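Multiple structures are listed underneath, in structure tokens.
Two complexes come next, and they have one chain in common, chain A, joined by chain B in the first and chain C in the second.
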Partner chain A sequence: MIKTKHMATLISCVAVSVTAQTAKSVIEIWVWGGPSQLETFDPKPKAPTEYNNNLKAIPTNVEGIEISEMLPKLAQQADKYSLIRSMTHTHNGHETATYLMQTGREPGGGRVYPAIGAVVAMFKSKRYQGDIPPYVILTVPKGRFSEIGFLSEQYAPLVTGGNPTQPRFVVDGIVPAGDQSPDEMKARFDQMDALDTLGQVASENAAYKDFKTAGAGARRVVFGDAAKAFDLNLESAEMRDKYGRTQVGQSCLVARRLVEQGVPYITINAQGWDSHKRHFEVMRQRTAEMDQAVAALLADLSEKKLLDTTIVWWTGEFGRTPRIQQDAPWMGGRNHFCTCFCALVAGGGFAGGRVVGESDETASNVAKRPVAPQDLLGSIYELCGIDPDGKLPNPMNVDCVILPPESKEGRLRELYNNRISK
Partner chain B sequence: MRISYPLVLCVSCAAMLHAAPYIGYVYPAGGQQGTTLQLLVGGSGILSKNDFGHVTGEGVTVRDIIVVPNFPNPSGVQQKWILSWLENIADGKMERPPMPTLQEHLDEWRENPWWETLDKLNDLQRNLVLRDLLARRNALQSAPSIRQMAIVTVDIAADAPPGLRELRLWNSVSGVSVPRKFYVSMMPHQCEPRYVSPSRPQPPLPTIDTIPVAVDGQLMPGEVDVYKFKLEKNKSYRFTAQARSLLPFIGDAVPGHCQLVLRLLDSDKKEIAFVDDVYFYPDPILYYKPTVAGEYTLEVRDNLYRGREDFVYEIALEQGEPALKEYPNPLPNMPQTKYSDLKRNSIDISQPQCVTGVIVNKNQYDTLRFKGRKGQSLVIEMIARRNNSPVDGIMRLYDDAGVKLAEADDYKEAINVGEYIQQVDPYLSMTLLKDGEYRLVLADRLQGCGADYRYWLRIGPAMPDFAVYSTVSFVNIPVGSAARVRFIVDRKEGFSNEVKIVSDDLVVSDTIIGVTNIEKNVTFKAKDERTFKPKPISLFAEASIQGKTVRKPITPADQMMQAFAYNHLLPAGNFYAMQYRASMRNTDPSKRASKKK
Partner chain C sequence: MRFVIHMACCGLACTVLARDPVLPFEGSNKVEVVSRADKALQAAWKTKGCVLPYVASDYVFVRRIYLSLGGRLPTVEEAKDFVDDTSPGKYKKVIDSLLESESFFDYWTMKWCDALRVKSEFPINLWPNAVYGYQRRIRTFIAKNEPYDVFVRALLTASGSNFRTMEVNFYRAMAERNQDAIARTVGQTFMGIRVDKLTPQAQTNMVAFFNGVTYSGTQEWKEEIVYWKPIEAKRTLVLPSHRKKTADETTDARSLFADYLTSSSCDTFARAAVNRVWYWMYGEGLYADPDDLNSTCINEKLVAELAEGFVASKYDFKALCRTVASSILMRASSVGGNDAESKRAYATYPVRRMDAEVLEDAIRDLSGTSFDYSSVIPEPFTYIPAKNRTVTLADGSINSQFLILFGRPARDTGLLTERNNIISPKQMLFLYNSGDLYRRISSISRLGSMKKLKAEQQVELAYWMFFSRPVMAAEKKRIQEASLKVEGKNRWRVYQDVSWQLMNSKEFLYIH
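== the complex of A and B ==
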């Protein structure tokens, strides 16, 4: 009974909140661990060595915008994205900062709010008719984090598992491991159905019905065309090379294929950015992979005319300490730093070739136009046609607004391509 | 281009920090009087024959230092070759095995001086080679700062006073290191059995039957160290562990220290005692009184099965009954009153005084009464956890009508000094708004109780004061140049004046910590001859308190991070200054010690 009521509330929310011209899909590139702002989109070549390690900034294809020399391919795509160099909050712990950046909410307070992926999936699911769940995570979930919060399980992400760089991308529960043929799999499902004694006595039970509905949906994905979205062998070798044969590169390619299927929200959790030690060694590897992957994704989406309807956003839970930590045990590392860090937004109504906000001469403080997490998320919601001040269904029927009020500086309206009717 | 002096100074400071020797751990962390020990010291910036060691206090001398050459990753073929030679040596055959004949294997051959001379090494050296090749490690927990190793041989004189010492390394081209703890003890020490190749039969565990004894070990990932002891019937034994106290803060571990667990098993392998802390303190003490004489097994591990070379521990086994904790008096310079002697009498708050008490009963609320005047300044500070008492204090102040005026729980200090992780002692500071009688009620927040639950309460007018700490316990000064050290001032109870850093031994500039600052980088230059040896230095801080100039010693300390997040100042025994010959040297040990043939 509670579930039915919950669903009714949900439908009314959807009806109220979706506006006409909106982004259809979102690709979130979560730079897990906290990417250094100085080695990505806010280089400080004029800062002392103990801040920038003598790294340079390079020009982009947009006059006046420079990014780190570690991102040469992305420098050639700057007209497609905008940078925020003044992200700021107050949490330097991975878990609390991730919660804040994903939900727009301060941690604590007794309610676990859903991540943006689940919220977008919920609001978009009315129009989305695909067989693949509306929220897909490539390839691992964020640790110690609940994506759905208090929302219904139906908006939980499909977490692919597997490794898209392998010859077969074995997606958990969708692409069978080993050499099973579709016929063999069907035979196994039939056998499982034959053994389903619970169904014989509880076929009208609501929970059982939900279970069977979910199972039927999963089978449609497994045996229909939807699973082909995960089959990178259908892409040319040239295209795969373009993205880079790395976890993040091939994940970006899968994300593009999921966008083509209409999946509303795709998260790529890119690991390995928590560079407390060997920071520059780690950065050289990670930024090279990320540079190739994201540059290829933006170019590909643009060429396929998908960028206008697909938001791509890139950031982590925080940035990293601008001053390099030379003391033991770090010996050349950067720590967590929430005071000032950067984000990238592209497509789906976000203008390209612009910079919002500014940090000081060492990227240690926000100098102009601070951007709070709820402002960034609120902007994505607005471009998706979701009212950030709208309500979320809550199983306890508690009044829950999607986001807290925007900050004094407000959402990123200066980057909107005038598509929001509100 | 003209380069300004501060910029040059900055660069030289950065270079110094790169190059100075660093000690991450010392294993074993202690030894018996009258013995010679081989200490395994892990760190970075350790050179070779140019390095020297120093142990504070009387009776401990460093005989020599052998730097362990950094071991590169050998190819599979080379690893087999080294292991086969080690196996031969273990079987008494010292000759080198034949080299592989295929050129492709030789192309991958990596050079390391110890790998080439295994027959010339001592047992400890060979064991380090073996351990490096085979022991399990957690890549996520690896730290460049402790990748280098040195074997430091120390002689402990028979009459060396027992107690805590500090070991530092130094060399003339980069300076002196941070200190690490080392204990001289009266009891014999035994190190954990050395690493044995899994391919060889594991030797039987020796039974330790001489008590008292201290056992020393290092925990590697997933490791459970095991010791066997012969215990007698009806005697009380005490196993006192030290791990966190040896290295109180580890920056890149969560929790930020080794958290030991002790488990005692009887001869049937049945657990008979388990302990993982003493009240709030992570180093456990296990008491046991056997009802049956025989062999007992002690298991030692980190509670999360973490491990790394710096997870060093020492466990002292002695006969002894559980005893009350002994506490120093943290407020010795003021009148002392026992709470139990107060009865219902009022206390005088016109002068600072110390009231001591014990929370012996569950739900015990101690009540202090005093008379106050309107406008009177009053500070009430509980010292308990900071003095290692288990009390987690809470205080409430009421007026004579029973109205609660104030409540204090955990007090957040401006800086964290010492080994405690979290400040939980309460503190109240106020100006009384009316004449009258007041009641202060205090209790343990967690409703704990017992004879160990002691507190010390300072009550009286505010005492404006200051304390200054260095953030490193040394300064390494390049010859002919200068170096900077950061100092932090803790201003207390209304003290708001500037503080001046003073040294009789060094030339000091930029000495004033201004009234709006809590920290300052102070520049030091050498005054005396070029000695290239660390020299203990006295540093002082001067300031005016209520019109009177006060000079106080600065507490030498090293700033340490805990669990990626929190900074602590860990006091050291001395502050050392040293001149060194600045040289451009490769500070990355991995690039210095290995190359392809």
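== the complex of A and C ==
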């Protein structure tokens, strides 16, 4: 309880320098395992074959921007997003790199910082009054790096579990696991209340008030409109087809539905990108699914006038080694590569149709304007109206700034739609 | 039936609203003040205008004492045996026998592992091997009832390999490894004080005792040596009591600090232990901020009484647990009546939600299901057999969405308040609706003890399993009525739902 109290006072004294409308929601498409920059947003058609495997670049709907031929649908949406081709850090392990990309903090040191989802959930919780928890992950957790660090449990993600491509997307805790009808559900809750013998004699106990509040909140989710946000049967078949009937596609569709409910932070944990072996076979499938899903998401958000208030960002913990490993056991694989990789940002105040930074001719090194993890995260925070140099509440009550200072090149101000002054 | 009476208590006449005990949660008597600690409690209640509460019923008490000392529900047999026992000494007997049980050793080891921050990585970084060795060392302290001062001295003065001299892991289980951090951790862990809030001079004085503590890797994978590196020159050190100590180049000043800590001139050593045990037993501390003995003491007389007893017992930790568990608070009803006036009038037992690990174990005991924990990071991989109970998990960083959801402490700080037992909507969603719990609840009706019973008998057994009490007539009637409303072939579902309803009740989720 003490914790919650000082949390509240601290949040209220964090200064936020916002002059205009800020992003309301964030959709993070986490490309787990590390997506190859060459087969996505930084193709190198002119590089030797041992780098590009003869894959081509294709033009987009923005003059001068080309992306991989693996992403034809996203090529038609380039006016809606901007690319960063100069992401860089120094950790080639999944765990440490994920921690860095999620928190903006170097691993190690005396503290475990919260991931961006938990931080946004915390700051946005002041305004967000929805019944769905403020941070949702579709559909599997990222392990401990989607976590809250030293923040309080209420900002931990709701991890949906289940499979949105199935006829019934069973979201753990929200969509009942059994096959009860709504009437049966109501009857069993009524019976539960009637059998609450202890509650009938001790209803005024303060501890039980927490129980009542928590139960009421949960019931609103179960019986109210919240659960409908996860019900894809309420979408037309045509819309579902547009996103692709894949895990990532249908997850993107759920994410859009959650944005409509005002949920501040949604992560789509897209798995299967750690392509050490048979990289190109794997990529062909993954990029096709991803291309369709993200292109549909951007188009849909834009049509529904939600893109201006919703940030979409796409990246992984690192990229992949530009030079293809042809020998056994890799047989055409790419390894982890943190020196130079790419990211996509769209909406919520990020301008579209631009490219930040540049890699060298083989995508092996940053050639222009390196972007550090804290610069990318800091930009998202700023557009959300959160001061990245503000403080986080913590149990030891010591000074914990959200992010380390921005790098020399700084946050992505060149992409801001002039809404923030700082 | 309520009426105002005048009752004499401790020579003072006070007016109190009388009410009948509430069944099945209260016994027919008021709690009986026995020990000096009880008197201190009673005096504090009186100043708040509260009188002695009814005793909790035996049903409530047996469940409460098993959960508090053993971290588990009593079995149906254990509960019934206790309730049926008519000897007046049965309360003492159950406490004594729990204190000698493996359940107590496991559960209170877990608590100490919270305080000593036992986890394999981030920001504490013990690595798995040391985690398991250190946890076993802590368990030995509990199981053998090693005197608390001896145990603490062993930790404070340890030197050697993290694989062989388990006590050195005390120095490794810190987010930062330097003498300032060591002093802060020692102050917080054993004195209940925030060293960073002391005067700069006092901080400098304390830090000096840990000068020379050194960490060094070896050729063995993840082995580390902690040792004291002799410091040239003679030096003068100042204890928190302002006494000066001279140390020469061969003196490891850590032992001087351990001498001070366990001597009569350091009163916070015993008080910190008392406060911690009270917090672990009742979910609330004896200080306004349970992690800071410099904050307002809630009951000075009680703390002094318990601390004196602890010192006089030569730091007998189990005896301290026995004293705290035997207080009138453990016997007191938590109900207090449901009208505002009697709420004010009666002191009550503090209710709180079960610990995450205890809840998981309770669900596994009730449903006959288990969960096998594993972690592929950090290496070496950890795999915990399904038969191992959750409270015996050594590693605070082992992956478990359930334990995170229900507020397992991160073991980053060792603070008492790091564990979060406040119930949240997300927890309720999990309990109401999750696939995991649905499967586990469904298996209750398939238990060997359940299968052969008729539906009504299943309900009777379920009430004993979940609540350690018989089903009340009104409850039974309600369930029967509900079942009659349902068509024959679906009637079983009403009875299966009883398990779900009991699982989601506060009477189950709370220690009350």
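Simple rule for what comes next: the second predicted complex is superposed on the first by the 373 of 422 C-alpha atoms of A that agree within 3 Å, B and C clash if a C-alpha of one lies under 4 Å from a C-alpha of the other, contacts with A are read in each partner's own complex, and residues count from 1 in each chain.
Following the convention adopted for this analysis, a contact is a pair of C-beta atoms (placed from the backbone, for glycine too) under 8 Å apart; a residue touches a chain by one contact, two chains touch by 3 or more.
Just so you know, these numbers come straight off a predicted model, no measurement behind them.
Chemist: Quick one: is A:Q76 in contact with chain B, with chain C, with both, or with neither? Answer first, second, both or neither.
Modeler: neither
Chemist: Of the two partners chain B and chain C, indicate the one touching more residues belonging to chain A.
Modeler: Tallying touched residues of chain A, the top partner is C.
Chemist: Quick one: is A:G173 in contact with chain B, with chain C, with both, or with neither? Answer first, second, both or neither.
Modeler: second
Chemist: Figure out whether A:N53 sits in contact with chain B (first) or chain C (second), or with both, or with neither.
Modeler: In the superposition, A:N53 touches no partner, neither chain B nor chain C.
Chemist: Could you say whether A:L158 touches chain B, chain C, both of them, or neither, answering first, second, both or neither?
Modeler: A:L158: touches chain C, not chain B.
Chemist: Considering only the contact definition stated at the top, list the common interface residues of chain A for chain B and chain C.
Modeler: Shared contact residues on chain A: none.
Chemist: Can you name the residues of chain A that touch chain B in the complex?
Modeler: Residues in contact with chain B: 48-50, 92-93, 276-278, 326-332, 335-336.
Chemist: Under the stated contact criterion, what part of chain C meets chain A in this complex?
Modeler: Answer in residue numbers: 22, 24-25, 122-123, 175-176, 181, 289, 334-338, 340, 343, 348, 350-353, 377, 397, 399, 401, 404-405, 407, 410, 412-413, 415, 417-418, 420, 422-430, 432-436, 438-439, 472, 474-475, 478-479, 482, 494, 497-498, 500-502, 504-507, 509-510, 512.
Chemist: What residues on chain A touch chain C, complex-wise?
Modeler: 1-4, 95, 107-112, 131, 133, 141, 143-144, 147, 150, 152-154, 156, 158-159, 161, 170, 172-178, 187-188, 191-192, 194-205, 207-208, 210-211, 213-215, 217-219, 221-222, 395-396
Chemist: Going by the contact rule at the top, pick out the chain B residues touching chain A in the complex.
Modeler: 7, 10-11, 14, 17-18, 22, 24, 43-44, 143-146, 178, 250-252, 564-565
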